[in-house]
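Letters A, B and C mark the chains as written, and numbering starts fresh at 1 in each.
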Amino acid sequence: MKDTIDSYVTADGRTIGGVMMEMKNITLRFGGVVAIKDISFDIREGEIRAIIGPNGAGKSSMLNVISGFYHPQEGEVWFRGERRPTMKPHNVARQGIARTFQNIALFNGMSVLDNVMTGRLTQMKTGIIAQSLWYGRAQKEEFQNREIVEKIIDFLEIQHIRKTPVGRLPYGLKKRVELARALAAEPKLLLLDEPMAGMNVEEKEDMSRFILDANDEFGTTIALIEHDMGVVMDLSDRVVVMDYGKKIGDGTPEEVRNNQAVIDAYLGVAHD
Amino acid sequence: MIYRESGDYSTTYAQDSQTFPIRFDRYRFYAVVFVAYCIIPFIINDYWASAIFVPFLIYAIAAIGLNILTGFCGQVSLGTGGFMAVGGYSVYKLMTSFPDVNIAIHVLLAGLITAGVGILFGLPSLRIKGFYLAVATLAAQFFLVWLFNRVPWFYNYSASGMINSPERTIFGYIVTGPSTEAWAKYLICLVFLTLCAVLARNMTRGTLGRKWMAIRDMDIAAEIIGVDPLKAKLSAFAISSFFIGIAGALFFAVYLGAAEAGDSFGITKSFLVLFMIIIGGLGSIFGSFAGAAFMVLMPVLLKNVLVGQLGWATDLAAHLEFVIVGALIIIFLIMEPHGLAQLWRLAKEKLRLWPFPH
Amino acid sequence: MPDQFLFAIEVMINGLMAGVLYALVALGFVLIFKSSGIFNYAQGVFALFAALTLVGLQEGQIPFSHLINAIFGTHIHHFGWHIHSVIAIAMTVAVMVLLAILVERYILRHLVNQPDIILFMATIGLAYFMEGFGDLMWGSEIKTLDIGLPQGGSFWIEENTAWLGGENFYGFFIDRLDIVAAIVAAILVLALTLFSQYTKQGRALRAVADDHQAALSVGISLRYIWVLVWAIAGIVALVAGIMWGSKSGVQFSLSLIALKALPVLMLGGFTSIPGAIVGGLIIGVGEKLFEFTIGAPFLGGATENWFAYVLALLFLVFRPQGLFGDKIIERV
């Protein structure tokens, strides 16, 4: 295996560990359409890994494979040294993989606080009967988790909208609440599907800061899809480039920037 | 002036997540409980009990049940009547098979049996969604009513096909059967309603409620953040049916005294309870109360005014009631999908600022 | 041939005929669902309302006479004339079109972009409203509807099939009205197909069914299409109402056939016209045969009440998109 080197330290002083997640020869088809074709790559402990590519390249499908929503026809998913069997999405979440969505998928009928609290669901264990009595363990658990959630809310600076129904929030704040919900799960791996789509420069700067801080403070490994190249090049440690369901590049931002296949894919060359 | 929250600060999470965080609300709630338990039982008579209070209390339990499934978990059910029938017939079989056991235990057991049946008919919800599921719950409605009509074991082979509630007591007071006094009917229903409301409130404010609401608002996202849809939906079906079963048991044993599946638990019951939660407010425990009160009171009022005062024929009044109910459903869905409960909240927000709205 | 077998065939044929009528109601559902994504629970009540209106117009009843009498103490009931059934039908069509316009104006327009389930519940409200309104307008007593369709068993079929069986078999009993219904249904489906394939409105309708946004962007008026579709569904409801009303009288139970059309839709898929027809026939035949072979002998009868629902339910668990529906690929 090529990735047997253990941890190393980046220029800005963060420690990148060994391989956390490895995708091996993933192929995903919908009927006759091949969305992902024989793609392999890995994500290392503590790194920020970007997946880029033109529209329709299969990036979101790849994220859906990682979060267990789509099941590839071929290939293996390895997570923390073990091969992951075909798994329902909610069990994947229990393994410590959280995500945000390209088109915001918040629970519109609930308040911001409740939305973020749903991020803690995988950690809460009291049964129905204990909960229905709202006494002792159930109450204690609720408040312990509330404390963690409040910290995340502080971290993302959304205290003031805590009790607001999510449906009433503007787009940028919704994106932030969604990140809060994902972070509340204290995930080992955080998947971000276009976290900055449709944002203005200021909002993008805020979001970048939150992503970097989350990676730094909580040590969360992050895989993100993003179209804004400036952001990708600034944030990520390594980049996978996809085009038409195939991998055409993989490496540090510097390497990818100089990769001829990537330049062709983005600028377009005559296909023969 | 009359409604103030300033000076009410929560300093613990417990205070922040209590049912009535505002002191004024809390006191009003205590006042309502006091009147319900300590005043009404002494002044209630047969007319008020049978026309208004007892049906209101029982329907409120059913509405809480359906609201958990539809309002909180987003699964529309048209099988409420059928599940109430399960509660009614279960309690009948239990009462006649084990006459020595306390009726309160029978009612709870009837709720548990209904919960089991609810899980069974909830299983398709894992594969089918939305109105497909609503139609599928009609299968429960029609099959269950047919079952209780056609299988003589359920009505103890009685010649009429009816079931009759035998006389049972709690603490020596008769609570079921024809010679039950108004206050006893009222109190037993009130106790069960209180119990159900407290349980429902606790379940909906914690983890379980958030799982249900997550499934309701966006089921795919809920699954990806770690909600097991199987457990969430089936628990909603089970708990909803538990309450509806209790409502059905009380409806038969305490309120009707004699019942026949098709007449007492037909599809109209399913719609009645659905309308209660739409008008009262989807996803609100208080809304279940408001909706039940509204749907119980409105026909009584209409009948009193149109038939009693103006001398209309009863069927004419009934038709007008259909028109009004139908129009109200549409109006509420258009103007205020959160129902009376939301109107109440808005009124409170206005009152909070009154008389200085700026 | 053994009698039992022949009876079973007769039951099956009658089931097919009932299935045609289910399919007629289901057709109205499919039309509305395809073009507006609304599951119109009120379709059955539309059939009832259409039939009530037809009878009322034919008989020269004064609308709201009971209500007027109750308020003003008068004793009016009829205008005292009879209208020819063809004119009455034309007038009823006009009423159904007006109804479509009102529904669009006062309900649909205000519920655009609401979740499907809210719209569904709104149509339940509409069903209640129309039911009460129809009864207020025309009275709730059972009425006979006679527009001159042939009725009663066909002697010709009965005589000419008698030779098939033994001494207990007198030939197949088939109601002539059922045959008429089958023919009318076939014509209706053909007409609808031609309409949607070869007219401008039909193309617009299919465009809307395919993609609302895209249809809007090429200048199709969604409101117009909705009125059109609801009007067509109202006319389909009128046809269904005439058939059912001629068969068993115009009464409340007519609105319950709508409920029977629901499992038909679940079988056939909500968006498929062939599905509605095949589903209707399967349910019609299935419930009659089940009652004949298992229900009546072993289960105490009246299994028609639930058979269709349970069948559809079991079917859906294994094939959620119905017989002809498309497979659903979920996205996030």
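The working rule: a contact is a pair of C-beta atoms (placed from the backbone, for glycine too) under 8 Å apart; a residue touches a chain by one contact, two chains touch by 3 or more.
In this text the structure is predicted, and so the values were computed from the model without any measurement.
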item	value
Farthest-lying chain, centroid of Cα atoms versus that of subunit C	A
Chain closest to the middle, measuring from C-alpha centroids that were averaged per chain	B
Geometric centre distance via CA averages, subunit B-subunit A, whole Å	42
Where subunit B and subunit C are represented by their mean Cα positions, the distance between them in whole Å	33
Inter-chain centre distance, subunit A versus subunit C - centres from mean C-alpha coordinates, in Å	50
Per-residue overlap in subunit B, given as positions that touch at least 2 other chains	220-221, 224
Multi-partner residues of subunit C (each touching 2 or more other chains)	332
Two or more partner chains touched - positions in subunit A	69, 101, 105
Subunit A-touching residues of subunit B, taken from the complex the two chains share	12-14, 17, 199, 202-203, 205-208, 210-211, 213-214, 216-218, 220-229, 235, 239, 283
Residue ranges of subunit B touching subunit C (in the complex, touch as defined)	74, 76, 123-124, 127-128, 130-132, 134-136, 138-139, 142-143, 145-146, 149-151, 220-221, 224, 267, 271, 274-275, 278, 310-313, 315-316, 318-330, 333-334, 337
Subunit B-touching residues of subunit C, taken from the complex the two chains share	39, 66-67, 70-71, 107, 110-111, 114, 116-118, 120-122, 124-133, 135-136, 140, 259, 262-263, 265-266, 299-303, 305-306, 309-310, 312-313, 316-317, 320, 330, 332
Complex contact set, residues of subunit A against subunit B	67-69, 88-90, 92-94, 98-99, 101, 105-110, 114, 117-119, 121-122, 124, 126, 128, 131-134, 138-139, 141-143, 146-147, 181-182, 185
